[in-house]
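Read from first to last, the chains carry the letters A, B, C and D; within each, the first residue is number 1.
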Amino acid sequence: MNKEILELCGKLVPQAYVLQGAQARTSHENKIKHLIQHRKLPEEAWDDQTIELLLDELAVMDSNNFPGNCGVGERESRIASSLVARRHYRLGHGIGRSGDITAVQPKAAGSSILMKVTNSLVLDVIKLAGVHSVSSCFVVPMATGMSLVLCMLTMKLNRPKARYVLWPRIDQKSCFKSMVTAGLEPVVIENVLEGDELRTDMAAIKNKITELGAENIVCIMSTTSCFTPRVPDRLEEIAAVCKEHDIPHLINNAYGLQSTKCTHLIQQAARLGRVDAFVQSLDKNFMVPVGGSIIAGFDTKFVEQIGKAYPGRASSTPTLDVFITLLSLGAKGYRQLLEERKQMFSYMATALSQCAAKYGERLLVTKNNPISLGITLSLLDDPKGEKATEIGSMLFTRFVSGTRVIAPSEVSQVSGFSFKNFGAHSDNYPTAYLTAAATVGMTKSDVDIFIQRLEKVLSKFKEQATDSELEKNLKQ
Amino acid sequence: MNKEILELCGKLVPQAYVLQGAQARTSHENKIKHLIQHRKLPEEAWDDQTIELLLDELAVMDSNNFPGNCGVGERESRIASSLVARRHYRLGHGIGRSGDITAVQPKAAGSSILMKVTNSLVLDVIKLAGVHSVSSCFVVPMATGMSLVLCMLTMKLNRPKARYVLWPRIDQKSCFKSMVTAGLEPVVIENVLEGDELRTDMAAIKNKITELGAENIVCIMSTTSCFTPRVPDRLEEIAAVCKEHDIPHLINNAYGLQSTKCTHLIQQAARLGRVDAFVQSLDKNFMVPVGGSIIAGFDTKFVEQIGKAYPGRASSTPTLDVFITLLSLGAKGYRQLLEERKQMFSYMATALSQCAAKYGERLLVTKNNPISLGITLSLLDDPKGEKATEIGSMLFTRFVSGTRVIAPSEVSQVSGFSFKNFGAHSDNYPTAYLTAAATVGMTKSDVDIFIQRLEKVLSKFKEQATDSELEKNLKQ
Amino acid sequence: MNKEILELCGKLVPQAYVLQGAQARTSHENKIKHLIQHRKLPEEAWDDQTIELLLDELAVMDSNNFPGNCGVGERESRIASSLVARRHYRLGHGIGRSGDITAVQPKAAGSSILMKVTNSLVLDVIKLAGVHSVSSCFVVPMATGMSLVLCMLTMKLNRPKARYVLWPRIDQKSCFKSMVTAGLEPVVIENVLEGDELRTDMAAIKNKITELGAENIVCIMSTTSCFTPRVPDRLEEIAAVCKEHDIPHLINNAYGLQSTKCTHLIQQAARLGRVDAFVQSLDKNFMVPVGGSIIAGFDTKFVEQIGKAYPGRASSTPTLDVFITLLSLGAKGYRQLLEERKQMFSYMATALSQCAAKYGERLLVTKNNPISLGITLSLLDDPKGEKATEIGSMLFTRFVSGTRVIAPSEVSQVSGFSFKNFGAHSDNYPTAYLTAAATVGMTKSDVDIFIQRLEKVLSKFKEQATDSELEKNLKQ
Amino acid sequence: MNKEILELCGKLVPQAYVLQGAQARTSHENKIKHLIQHRKLPEEAWDDQTIELLLDELAVMDSNNFPGNCGVGERESRIASSLVARRHYRLGHGIGRSGDITAVQPKAAGSSILMKVTNSLVLDVIKLAGVHSVSSCFVVPMATGMSLVLCMLTMKLNRPKARYVLWPRIDQKSCFKSMVTAGLEPVVIENVLEGDELRTDMAAIKNKITELGAENIVCIMSTTSCFTPRVPDRLEEIAAVCKEHDIPHLINNAYGLQSTKCTHLIQQAARLGRVDAFVQSLDKNFMVPVGGSIIAGFDTKFVEQIGKAYPGRASSTPTLDVFITLLSLGAKGYRQLLEERKQMFSYMATALSQCAAKYGERLLVTKNNPISLGITLSLLDDPKGEKATEIGSMLFTRFVSGTRVIAPSEVSQVSGFSFKNFGAHSDNYPTAYLTAAATVGMTKSDVDIFIQRLEKVLSKFKEQATDSELEKNLKQ
């Protein structure tokens, strides 16, 4: 509705009403203007109407929607199904160009603006989440693992002779596989047990560097978010070592953006040592469908180099999803989500602890893990962990998803490498246990139902602990 | 609406009407049943209603939609924005598992079925398109270039010592970049000029193999679809050489699935020689938004190995888009699209030829290129191709997208390598030219408008050719 | 995207791309401007994108969508469910005010513009359809019958002492009921049989006027579209009589807008005599869901009076549906629909005639009915028409909807009045018969399948007619 | 997904996952089953997914969606635009048949079930809202005024000789117009002033009955919800009089369903006297778009008679909107809305009172009006109320919608009748005033912003009241 049209409207309905409507329109436009200008996450959430108005405007700017456009290339973003067109808001060109995933497409001004603004919003949110000195980032339509591959391939381009990746053990397949797929050689650094916690063995890292030679190491890949009793790596110390030995440092921050503890570690590591890039999942941190991640770093040039290493255009879906989601939350909404998560973590810790005590078990003491909690499963006559494993299955069939039960297991093969007790982050953890995580979006009702169902399942396996045991456990 | 509910409905409206409704429902269900059972592209198109019914049913089977589910994991597919949930049909878990992009997810039966069925449909379509003996394929949410990276990384895993990729020159950046990003060393095989066509230099390939040693070559990467005057590689001969020397063969079939000439080449190559994998773009062949590709091959084990090399889950969006699109076309509809494309190619060839003749130019004779057409741009006083290039810009601002103008240019750098005349597939092509492509979805009106606008632009640069020239040109 | 925002966009992507996008936007805006300015159905269809852009703009102008609006009235158009808001494009205020269904609402400039423009578009289409001198019309969210009630109540206001409605019999319940519900007294004028056709008995009408007194008659309600063998009323003659005796004339043109024969009759009637209003269904003429109709006339004042008689606001859904539909068809598309309908009518006439002949029946010769066709059903031993009726049921269960079988029946009660052979438009029609109609949107495949299934059903009842019968019938 | 399909799915993904998905599906089906069986508003809200699953299932049962259906009638519910089809969930047949708006359509089992279930849900909600002994009701796609017309026309059918409607004055146009449009003669009963309140003059009613003769009166039309200082009519006494004199009693309960005070009045009136029907708006009571109302009563036969008086099919949009809305609220959600409204009413009363006092005005004491509140506007030198009126306009341009300012005015004409001071419900109300209403969906923020803006506006007109005035006012 430009000025001319509004004037014509004034012939159909009184000009005063049209003006008021136009004023309302301006108020949407002001939000849009502010966003394009500052590219920061607005404090207040946008309503769906404003979000969709903007998306519609952007779609209009893409060549596949130009009235009268005639396309004679091999890639004209024609969309055959109207269902598909609709679900993409008629944006079809994806993001990036063959030369650079963050490049602007001449045929797709709208999609390009969407990409640019989203990358800026995400940068703003990373700062808001605690990594204040992050300098650059981009959304990439690949999950965390494949994004780690891309980071390592880029690092390898800069260090063509290096081939090792030092990797403090974290038993999560895609992370391990990322090194193998990148054609590199993983060097496993086993964790050390401190109390209940499994922590980074700094001495082993330093020894390995000496053993292999810093120049032969592509990077050290450290981890923040992980299943308890493993806790986030000693990032500051690793970063310091990396700086000292001029070794790149890649951080797998999969779902760590939602925890200020994790982001604080990254921030400190970058301040005191070396961090080349940190990668986080979109779905786990922002409640969007699986499929995208954010590659971020403190050196804009290097982050750009990663973007340039991605060959070809890419799906704009993760970009679009996170764009919509961030605007519909606003900074206020996202902060509140983070705050609620923290509360749920405490609430679940207490609830799990009481529940465990009731059945003669106890909460693992893993203060350094801000997201994942575990309780022991010391079942009678369960040397191979079969009973413990059954508890996990029973919970799953009772519609509890996401718990993990770890019990002693055989040696298993992961991408051609042998691991003892894979899943436990350690060859020998003293006890079987069950973990649960408090992540963004979890509600009090989730916790309550989980505890209820867990109690039902545990009670099938165990007599209730005696009162004295109960007291003893609660005191711990 | 199960039987019980239908009976209850019979108390609200006469049972006879309910029965007829139930019969209609059965007819949708029969389509769905047939699809799940045979996993072949139905001959007849499905209407949007049946497609959405099935998608809704699949969504119901994913844990994030279970009524009463309680999620205590780190990845529960909660979706914050209802706009986002809606555009994904409430499917949030993506596809694959950390171990394998084609693996089934326990938490997401619906998404897993979607992935399995789509991969089968796509396999069926590849056969329909002409690669009859393809044995296995999967959709991957990465564009062609990144998929080529993944293929080469997997090949490299099997040939750890090899490091070269033999690459008959095709001037398309993401394809070249894919080798570099994979950490491999591109060995450029310059094309030979035959008439107007640029064709594979088989002798050079053989020489290079001898020179480098077959065991040091990760693969030969050949190309089908390309901008004229380059034509598809001599696939059969390359495949034969690969077989003879036990070298993997990777085909970049970016938008070749839509041309029976390209698919025939692949089919023949696999029959007579060796083809390990061929990769094609989803958007260019199926009219869906940018973002996905298909990795296919003739050896199921090797294709599976590629799938397993992808670390982590992935976006289901390209899978969903192609699923919807294929069902909404049906085999009949897709065949018709291919047929129409062929007709548009002929139609455009004639129109371009006449238009060129009118202005003293001529159509390049490139019979082996089934998709892309070119006309010479022999402008006066244009040694650096500046005028020619301006023609491209003028077309773009006149809302013609997709033409490419190639004129003599300087040496340019692509991913650290130097190319003379990048874009021309050749250091020295005798003339400047303009290309246009006839791809699926192009309409007669696209061609007509293109020719109109091209004429207007050309007429600004050139006096109309004299009648005698016209006749001469038309005879060619 | 106002100018300011576009300039800001130019800092994110090159200004040239932004300009091209802005140019595309202007092209949408030009369509919108042209529509608002001229309020005529555009010749070319609009794409869905332009339609939705306009609807979104209109929604922004309604107060329920004003950012920061605070509503303290009893009717603020708050919408509780986002599903509902979405399906109404966030338009919630309906149309009209308590004083007038065509009045502009201060709180809802957008909805008001939608209403005004739609009424203009519809007026344009009525002219396009053949009623060239129509002067005024409005869409009302009530089906034809209730709209007839509103027309008659308004007529009654102007003729408080009158109480009769002269009604050439048309056996369709809602039309009869409309007179009764309006509190008026229907005076049935039986039809006369001419050949196979049932036609208006002009003499009877004139006699009744004399008998009752013109001043006691609220109006004559005539009919255009109807089931064969009744044919449209002799509108010109009725109009002439109305003019002569100063009696209002109301035409029930339910689905007649799609037939130039019907619209020509109305046009002629208005030219030569008196027509006060004619009413047509939206769903039947424009392929939208049931629920609205158009009240039109040749005297703007009187049409306005009807609009003012509607007490209160009303649903904007039929307005919105017809607005979207007309724009998505364009004048060209609507004319084509009408043309195709005409062809389908001829096609079905031929097919029905041949099918009937095959089974010893014949097509009714009803040349004055341009939409509905009938074949005789002269079954053996079927005095009460039970067999004939069964044919209708059998077709229905075979998924043929819309046929009607008329066989001799008992006296039935309609709104307290007795009718012999209700459904036949006549106390004594010589034969049982089956009707089918060719209406907008019908396809060749509809006709073919209908004939196939009809043949199957007929063949169950009848031996095929002998060849001689066949010849005889075909000659008729 | 029937059993057979689920088994086939078990060949694609492990049967255990399929079973869990099937179990989730059953849980949706159980909700649907419960709804169809009991047709009561579920206590808990449904999520959008379940609602849309059900709507999709219903659509499948309508003939326009039958695969292979062939339509040869004049009304086959073909839908031309996919935008339109989608926004109606592909339901096109509307509700009712020519004989009865609550009748089941053979061609549309799905739409018919929707209509039946919705009418039952709405009946349940009316009871929940306080009219416990209501026996029957139906949703009609006409606003309150036109529904009142239909009720009166039906009453008139039963009392053909009667022509008066006794109407305690309520200055709302569509309500007055409904009598005139129905062809009846309104007999205005002026209100009496009691304190600040305008109340029903029972004596005047009784006198009029004697004067006109009960048998000549079509009905008494009373009102519940209204703008203060008028308060709901003395329903019990009117009902008693109606019962005594055998006069039908029609209640205009426009937005009264949201107030237990209004519903209690209706319930008591029906218990102690006579109530034939009461009519309420859908949009005002249920936060759906304008366009529908509910006609309800205590005598099922009479309510059915009204339904049968509606000639023809009707739009299913209001039915669909209220169906979606009620399910998405649940009984719990609707009760909570009502509760919150009550709180907002108190909150606004206090806030208005304080604001008024600050400017030397006072809250009108109208305890019997549970929805609308008023403050005096005793401006200096404002004999014609021009200043007062300006206050209303200023609020409107400051995005406060819904206030009404009533000041002394001239005689105005409504549907041909003369009213003094129309809008004030009285020829002579002692003061000018401004009203605001607390209706469902209003938020605390609405009230706060309203008061803020009101203060700003008032402060432009008035010096702040002195402290002593303030105290005096607050004491009242």
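Keep this in mind: a contact is a pair of C-beta atoms (placed from the backbone, for glycine too) under 8 Å apart; a residue touches a chain by one contact, two chains touch by 3 or more.
Everything quoted here is computed from the prediction, not taken from an experiment.
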{"item": "Of A-C and A-D, pair with higher C-beta contact tally", "value": "A-C"}
{"item": "Chain whose average C-alpha position is farthest from chain A's own", "value": "C"}
{"item": "Approximate Å spacing (C-alpha centroids) for the pair chain A, chain B", "value": "30"}
{"item": "Whole-Å gap separating chain A and chain D, where each centre is the average of the chain's CA atoms", "value": "48"}
{"item": "Centre-of-Cα separation between chain C and chain A, whole angstrom", "value": "57"}
{"item": "Chain C, residues touching no fewer than two other chains", "value": "20, 48, 52, 63, 66, 68-69, 82, 106, 399"}
{"item": "Chain C residues within the chain B interface of the complex", "value": "20, 82, 397, 399"}
{"item": "For the chain A and chain C complex, residues of the former touching the latter", "value": "1-2, 4-5, 8-9, 12-14, 17-18, 20-22, 24-25, 27-29, 32-33, 36-37, 47-50, 52-53, 56-57, 59-63, 65-69, 82, 90, 104, 106, 109-110, 112-113, 116-117"}
{"item": "Interface residues, chain A side, partner chain B - complex", "value": "48, 51-52, 63, 66, 68-84, 87-89, 91-95, 98-99, 106-107, 141-146, 148-150, 153-154, 156-157, 160, 172-175, 177-178, 180-183, 225, 227, 254-255, 281, 283-284, 286-292, 309-318, 321, 324-325, 328-329, 337, 348, 371-372, 396, 399-404, 436-442, 445-447, 449-450, 453"}
